[in-house]
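Take a look at the structures listed below.
You will see two complexes here that share chain A, one where it goes with chain B and one where it goes with chain C.
Coming up: the complex of A and B.
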């Protein structure tokens, strides 16, 4: 156990509360004459000589939300400082790149703060919006709880930089989520004889199921199987297409794939 | 009944060792060791459930944070907050410790325990919010003189974020009790 509280000889002090962060507090200290006033709170500890009566605690000592205790010659009183109005949103968006049309793949958490970095704990409406310019955006209206609002949205169907915003009143914050093409929807290729006798294989433009061009650099694998064995060539998509040359063959089965997506198959030679 | 006789010197030595051990134990026992009940309830966590290993780590690091805070406020060593606090929580409490030191004030807190309830755990695992009802005795001091003391059950709103190998307290905000 702690030591007993000192005996209170004077009349009790009182503070009107709660007080909004950044505002002064008024303390009633009955009696007359000077006394030493102690203030303890989150982020503050002070002592000063005051005249009994109405004592003002300056606003710069009351900027952090929480419990404050004032002590004046053995008499103590507590009061609360609550957050000031919303001033800033701390917005965490995840991930920074997402496949187009991915379900529930975009996450956002908004933390609401006042100008003193206190969490604004009162329920506050927050609107989330995710969309690529000139495409229909997905919106969700929520209310914060304990200073936090969160959302889980589907990625849009169109690729490009999507603006992901969290707005509450006049405060808005924006993040960019890059919506990229998902896996190819289908791969179509054609084959022809190259001047040097090799088999030239080339795909049609490769797109995801929403019509977004699969990014350049994505690996496409061409494979040829004939009686001599199997030959594979990895080619990168360049300007929407993938192209490669396979070894010459009189009769071969040629296939194409990118990731888990398999394209069409061509039987080369033997009447083809 | 026969009892084996003990040499007076051996008895004295044994008693001395026992007393020394007890004294050492008391001397090294921090004030916060009084903390008794420790609970973390993650059943209301949203939008993501809290994995058991995470719950254990959060509870351990949060309670360790309180040990750091009580020690810092009692001894006026702001550096004690570095391990478990970050962001505004560290900034605010370091400021409190610095101001206490400047004025010759301190706070001694006896921590009787915490009841922690997780209310938010972000889907990407980058933030966890909880409500804590604590049981604290606080002694406000000037030098060695006790100015006042109180026994309270404060209601805290806590935001923790993961660091390299622990959870750190980013926000520790006491709410008014309704």
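Coming up: the complex of A and C.
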């Protein structure tokens, strides 16, 4: 309401209609002859000589939204400059990586700006969309409040770079949220004798509970316990599998784990 | 007289310079087994390989180069960055022809003081005592191609000129999965484990602040080198934070601060830790021994072993570490030993060994 209604201090001068950032303002100054006009507001302060009547304040002095005051020969008036139409969205997406199927894990905040970097405080519809290619995306329509719209979404079940977009009118901004595999769902390994006599252990493809492959480079620890002691190898998943060679043994218990997730256990040798 | 004095001074100066620059080639024979070990070690202390080698018995079958490599390091291993600072010797057994002498050595190194104990055999040779210094032959890795095609993670961060709100990559998500405060020898110690739960590598550290009964901070320490700093995805590292001379009675609460940074990293080298076992060392103390096997094709210059000990409920009851002063050649086992307090031995139910590695030719 304040933005739309000019405030007049005294009856002498008035500013017509709501003023939008980047547009000229028209000032009605009754009487005739020249007078000195003072204008001050956010980011501007000017003084000029004008002719009474209809006075135009140029657009380049009114690019910043906020409260402006004009003073003309002892009478003053205030008016508000509102933001221009939406021109740009600053979109903060968090996190940049999220485990697949994580509930309420993706946050997006859209800050709406006009072309002069003024926050567009008028309620504005904003659509958020999160999804990986060829999978159903999650969408949410919201309205901005005080220039900010935000959303909290569930991560999709499918891993990959998810496109996270915030759209309002013709303005759209995209961020990428990497949906990564969550903890391994189960780890299965097999053991065989390597040509050099060592015990070759290898996992089946390691996936999370949504069926996404756990990324390469993830540590998988193989451990073998026998009468000579305990042997461990921190192997890395490569092309979906992890494999390692453990020292030869006639009887050993072999286990596998990734992080805090344990896999199966194998009893090697010992009469088997 | 006026001419004689300058000439005498010149001759004296020349004699002194010659005496200072010339090494005596004569061996001061060791008259006792302990004296032989001490003479040898004194030369090692002054980094005089040639002098030290004169006290090495021929029966050692060790050539001077091998001796120098063993005593002063090779391949950029920890011994090359250390110097013998002090030693203590003790005769264990002695007769007319041979003796056993225990040498307790203290090295000053790039990673702090390193202690070593060697039981040396000393024999009578050419009317003097000399030390048997056998050197394990350098393992020869057969010529081969070891394919290394593990992942590397590189990072493109947001630029300084990017718009406000432009996306950046988050730091890895890490979590302290266990923590156990203990009091030992007048020190307050925080033990635990931290896991990189993310899918990218991270440089992690753990700091802790002790809050006193009055609500004020009474101490702040970091895990320093009692942690594996670079954690690959799903990797778990132990940590230990020591607060010297701190009584538990003074502490009202502890504030833990795990920190993680996204860093470029490589998934190799893979290190195997074989034949881990708790044993007694020569002094009768309990140690965790085993062998490290570098399964990649590049030399690891300084291996650092971290051992986590658990009780029967799976609680971390101690974290010990030790630097290995030999470098790890590809596919070549190297023995390691990590000490364990004897009073903890009855509580130890299981243990886990992880290996930090420092490689001279690697940037990441």
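One rule holds for everything that comes next: the second predicted complex is superposed on the first by the 260 of 272 C-alpha atoms of A that agree within 3 Å, B and C clash if a C-alpha of one lies under 4 Å from a C-alpha of the other, contacts with A are read in each partner's own complex, and residues count from 1 in each chain.
As a working rule, a contact is a pair of C-beta atoms (placed from the backbone, for glycine too) under 8 Å apart; a residue touches a chain by one contact, two chains touch by 3 or more.
Source: prediction; values computed, not measured.
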item	value
Chain B versus chain C as contact partner of A:180, first or second or both or neither	second
Partner chain in contact with A:258 - chain B first, chain C second, else both or neither	second
Chain B versus chain C as contact partner of A:92, first or second or both or neither	both
Chain B versus chain C as contact partner of A:62, first or second or both or neither	neither
First, second, both or neither for A:43, with chain B first and chain C second	first
First (chain B), second (chain C), both or neither touched by A:236	second
Intersection of chain A interface sets (partners chain B, chain C)	92, 94-95, 111
Residue ranges of chain B in contact with chain A within the complex	47, 88, 91-93, 95-96, 99-100, 103, 105, 107-108, 110, 119-120, 122-124, 126-127, 129, 131, 137-140, 142, 146-150, 152, 154, 157, 159, 171-176
In the complex with chain C, residue positions of chain A that touch it	90-97, 111, 175-176, 180-181, 183, 215-220, 228-236, 238, 244-247, 258-260
Complex interface listing, chain A residues touching chain B	1-6, 18, 38, 40-47, 64-67, 69, 71, 74, 76, 78, 80, 82, 92, 94-95, 107, 109, 111, 117-119, 121, 145-148, 150, 152
Contact footprint of chain A on chain C as seen in their complex	149-151, 153, 163-165, 167-170, 177, 195, 197-201, 232-236, 267-268, 270-277, 290, 295, 351-354
